[in-house]
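To start, the structure under review is shown below, and the notes come after it.
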Amino acid sequence: MTSDKLQSISRFPVPSLDEMPEDIRARIEAVQEKSGFIPNVFLVLAHRPDEFRAFFAYHDALMEKPGNLTKAEREMIVVATSSANQCQYCVIAHGAILRVRAKNPLIADQVATNYRKAEITEKQKVMLDFAMKVSRQAEFVGEQDFELLKSNGFDEEDIWDIAGISAFFGLSNRMANVTNMVPNPEFYSIGR
Amino acid sequence: MTSDKLQSISRFPVPSLDEMPEDIRARIEAVQEKSGFIPNVFLVLAHRPDEFRAFFAYHDALMEKPGNLTKAEREMIVVATSSANQCQYCVIAHGAILRVRAKNPLIADQVATNYRKAEITEKQKVMLDFAMKVSRQAEFVGEQDFELLKSNGFDEEDIWDIAGISAFFGLSNRMANVTNMVPNPEFYSIGR
Amino acid sequence: MTSDKLQSISRFPVPSLDEMPEDIRARIEAVQEKSGFIPNVFLVLAHRPDEFRAFFAYHDALMEKPGNLTKAEREMIVVATSSANQCQYCVIAHGAILRVRAKNPLIADQVATNYRKAEITEKQKVMLDFAMKVSRQAEFVGEQDFELLKSNGFDEEDIWDIAGISAFFGLSNRMANVTNMVPNPEFYSIGR
Amino acid sequence: MTSDKLQSISRFPVPSLDEMPEDIRARIEAVQEKSGFIPNVFLVLAHRPDEFRAFFAYHDALMEKPGNLTKAEREMIVVATSSANQCQYCVIAHGAILRVRAKNPLIADQVATNYRKAEITEKQKVMLDFAMKVSRQAEFVGEQDFELLKSNGFDEEDIWDIAGISAFFGLSNRMANVTNMVPNPEFYSIGR
Amino acid sequence: MTSDKLQSISRFPVPSLDEMPEDIRARIEAVQEKSGFIPNVFLVLAHRPDEFRAFFAYHDALMEKPGNLTKAEREMIVVATSSANQCQYCVIAHGAILRVRAKNPLIADQVATNYRKAEITEKQKVMLDFAMKVSRQAEFVGEQDFELLKSNGFDEEDIWDIAGISAFFGLSNRMANVTNMVPNPEFYSIGR
Amino acid sequence: MTSDKLQSISRFPVPSLDEMPEDIRARIEAVQEKSGFIPNVFLVLAHRPDEFRAFFAYHDALMEKPGNLTKAEREMIVVATSSANQCQYCVIAHGAILRVRAKNPLIADQVATNYRKAEITEKQKVMLDFAMKVSRQAEFVGEQDFELLKSNGFDEEDIWDIAGISAFFGLSNRMANVTNMVPNPEFYSIGR
């Protein structure tokens, strides 16, 4: 059974929890327990269980892995590139996570509007310049980008991480824009 | 051990088969048996096993699933959007697959250069117009796009498929451009 | 005397209140009394008293005048066009005012990210489409735009208002980006 | 009373001189006496007296103020940025003023078409590069722009002037394009 | 012998008349006799005699041929597309020819700045819209363009003419920008 | 007599060989003898004999002339710029010629998709960067481009050649897109 209320968060049918495969329901319930609510991306993508599994496996492989980039920095990449892609869900949901990760109530709005003017380090701006280039014109990425990043203290694995996060959320932004994914009201005020 | 020869297909380290986790090696060997060679995308992405698994799970969920879009049509989407993203690996590798799927030696070059002039149906051009909009300006996708697609015979699930393939290969194109992924020479002549 | 602290809100010198001409200081003190703080745009532009006077006279002529557009709608125009211009000061300061005017804590982030997906009326989206056209490609504005607006219930004076607000904040966005005008921390949370 | 003839210079109603507030009529009559005709911008904007007053106050604050930029240089900024904005009124009217100020009958057409090829100094090209950046992509203005300008002999106040003129005429260009403001025939030949 | 004076009209060597092949000198002398001066395009392109001959043969085949488009309309196409390509030589030289052909001293500046606001017929604006599409995004030209043109009274041969002129002057604009071809001072005032 | 079959290679009438002027038929028969088939560009452009003659005279003046650029390099310029212009005929026909000239079956697909990643020399990439700048934004060509090319071993005549080929095929691309010129099937496999 698909409720009317749930459908309004997506252009596509949204399954109820008891319609979902067991593993997907379990993941969603775990998130709900931790966050106090179910972020709509879980419900919207559950329309396609195999894609749901791949999507979150990819997400976790990039966002939960160990590495030099802090969790706040990873969220900065999400917010900056999602803003350029005008993805309402990602900017608002990951804006909340960025505020929490960075323990800074102002940073998400700054990065979303114009990261070049945000109160972040010069190294972080170099990181976001590269994330934006991957997002908007990856065909021009070349040796000079790798050299600039390395001279700013990023190693090869960091570069893959930045590119991977930018590329993965490019996918996420497109699906959110096509499905008309609606951000949960909770996200707007978290971490402020 | 990472061989020099393998590294030249990527800016990043490329693991040898015996360095890879068992499941990844098994998948690659199965592909090699079927195709007669190992497409470089498998070797390049094996540098990151978790991302490799998610990437190919996502790929299969979109490209191997049942559905109304033919396999040739799915490859048309890949070739058209990858060409706009100037992704050498995806245009050349999926161009080969498109020629095979469509049993048409001319179609891939036509779709890559300007799909509006390709010898495909008007319905397929509508499909590719939408795939391109998802790829290049998903922020403008709205009700009028859904109506146009439906009036051309696509149903809601087809629309998700088109969007999903366009979005997923947008990710793939960006990773290929950043890693400098090199297409295998075999792809250039397959299906001609 | 120009304090170090004040200078950090602008790339240019920022006068102290007692350095300012009497009329400008009076206006600023009135704002401070009403708002509880001095929005930085007043301090940054006070570097040029004549331009300050013209700027706020223009602002008031558009934003305080009677007319069919509600005050919330005028702020929507400011937020949508300033976001396209990546103006941090205007998006954050006028986002706050929009939340207050619309009595809606969610609306500013929605309009800033992608107004096409915001929870506003279809008529308001038509208004913002036109405001964006004025902001980004006014050279293409023609009869068909006027007809569309009129068929959506806007009269000639409303159209001038929309255009005027979009054009005026285009000026404001450029000055804020060049001066590196910093939004006051207070704005981030007002109306949430 | 609004005459048909006057209306043809604007999409909006154009007041006759005796309908205008005293101060506006006085300003217009002073211009007419000096120029021998009334530039249409005065008549078109008189439709909104408060905006008219603010507009010309802003104009004078930038174009009549003392400063290092010559009057011809200020007009070069107007012509170059207005041409990029495809504003017929501003290119033609300020092209005339530029020819007069520079005492050079060829300069306006050169600056309007491609200022990079105009017969102006290298320093003036640096000035126009910055004016164009403010006009087209102010979000990218940063420290390196200030350094380049300073190393070419511009001081901080000159930079504000360039930015202010570019930003103000961006507003003017947008209003002229929306109102369909028609340049007076006199402007085409002045100074040739 | 190549004179210093002549070289200043091009980045490349400019031959003197007596260095030129007989047929090229004859053509140039005929133009000089008719116009009273030698338009610089003849001198600059004479650096490459074979290209010179092909260039002017192509020019004449489009601009001197019989056909439904008036000579003034052909020049409108040149001026509008050359302005979009920021070609100083072509806008200024063909602006002069347009004024003469149209017997209208104002038209060239209007078409160069924003042909959508020029005092030309609606049919001529449709013609220029198509010329601009050929010039800027010919890859999108399709049946709907042909239908629109035909419904506005253009036949198939007119469409080829519009496209040919737009395409040929695209070549001319690029060569003029690369050679830094300087317009003769005479052009600025002809026909005003 | 115009056959139906021939018309399908163009939106415009295509003359039969015996309808053509003698010199044009002779040239086409010579090409047919050499190539084994008649490339469609000859048939499509024969609709306009004078333009045909000028077109191929210009073509030969650039592509057959002696000079430092190898024939393969000239074809690289054609393929890279025609791909950016999305010209199906030119990419496919000149891709075949490039494979033959370079004796390399892989090079055309690489240059068409993203020449920055093609297996060509650094010097050839500098050449293509300039050809692309001439093709896409010739208005920005300036001294620094000439200096870069010269420091990479190109002389003044080479620079003219690169610009000329880029500009000429820009014309060709536009005519092919407007006429809907269809590449001969033979081209797809030549040189693979």
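Each chain gets a letter, A, B, C, D, E and F, in the order it is written, and its residues are counted from 1.
Note that a residue touches a chain if its C-beta (ideal position, glycine included) is under 8 Å from a C-beta of that chain, and two chains touch if they have at least 3 such contacts.
The shown structure was predicted, so the numbers you read here are calculated from the model rather than taken from an experiment.
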{"item": "Chains in simultaneous contact with subunit A and subunit C", "value": "B, D"}
{"item": "Length of the shortest touching-chain route, subunit A through to subunit E", "value": "2"}
{"item": "Contact distance in steps, from subunit A to subunit D", "value": "1"}
{"item": "Most distant chain from subunit A, judged by the mean position of its C-alpha atoms", "value": "E"}
{"item": "Repeat of interface A-C, chosen from D-E, E-F or A-D - more than half of residue-number contact pairs shared", "value": "D-E"}
{"item": "Euclidean distance of C-alpha centroids - subunit C vs subunit E, Å", "value": "44"}
{"item": "Contacts with two or more other chains, residues of subunit B listed in rising order", "value": "86-87, 114, 139, 177"}
{"item": "Chain contact topology (line, ring, star, complete or other)", "value": "other"}
{"item": "Contacting chain pairs - touch in the sense defined above", "value": "A-B, A-C, A-D, A-F, B-C, B-E, B-F, C-D, C-E, D-E, D-F, E-F"}
{"item": "Residues of subunit C that touch subunit E when the two form their complex", "value": "139-140, 142"}
{"item": "Subunit E contact footprint on subunit B (complex, rising order)", "value": "114, 116"}
{"item": "Residues on subunit D engaged by subunit C in the complex (per definition of touch)", "value": "11-13, 47-48, 50-51, 53-55, 57-58, 60-62, 65, 85-87, 134-135, 138-139, 141, 146, 156, 159-160, 163-164, 166-168, 170-171, 173-175, 177-179"}
{"item": "Residues of subunit A that touch subunit C when the two form their complex", "value": "83, 86-88, 91-92, 95, 105-106, 109-110, 112-114, 117-118, 177, 180, 185, 188-189, 192"}
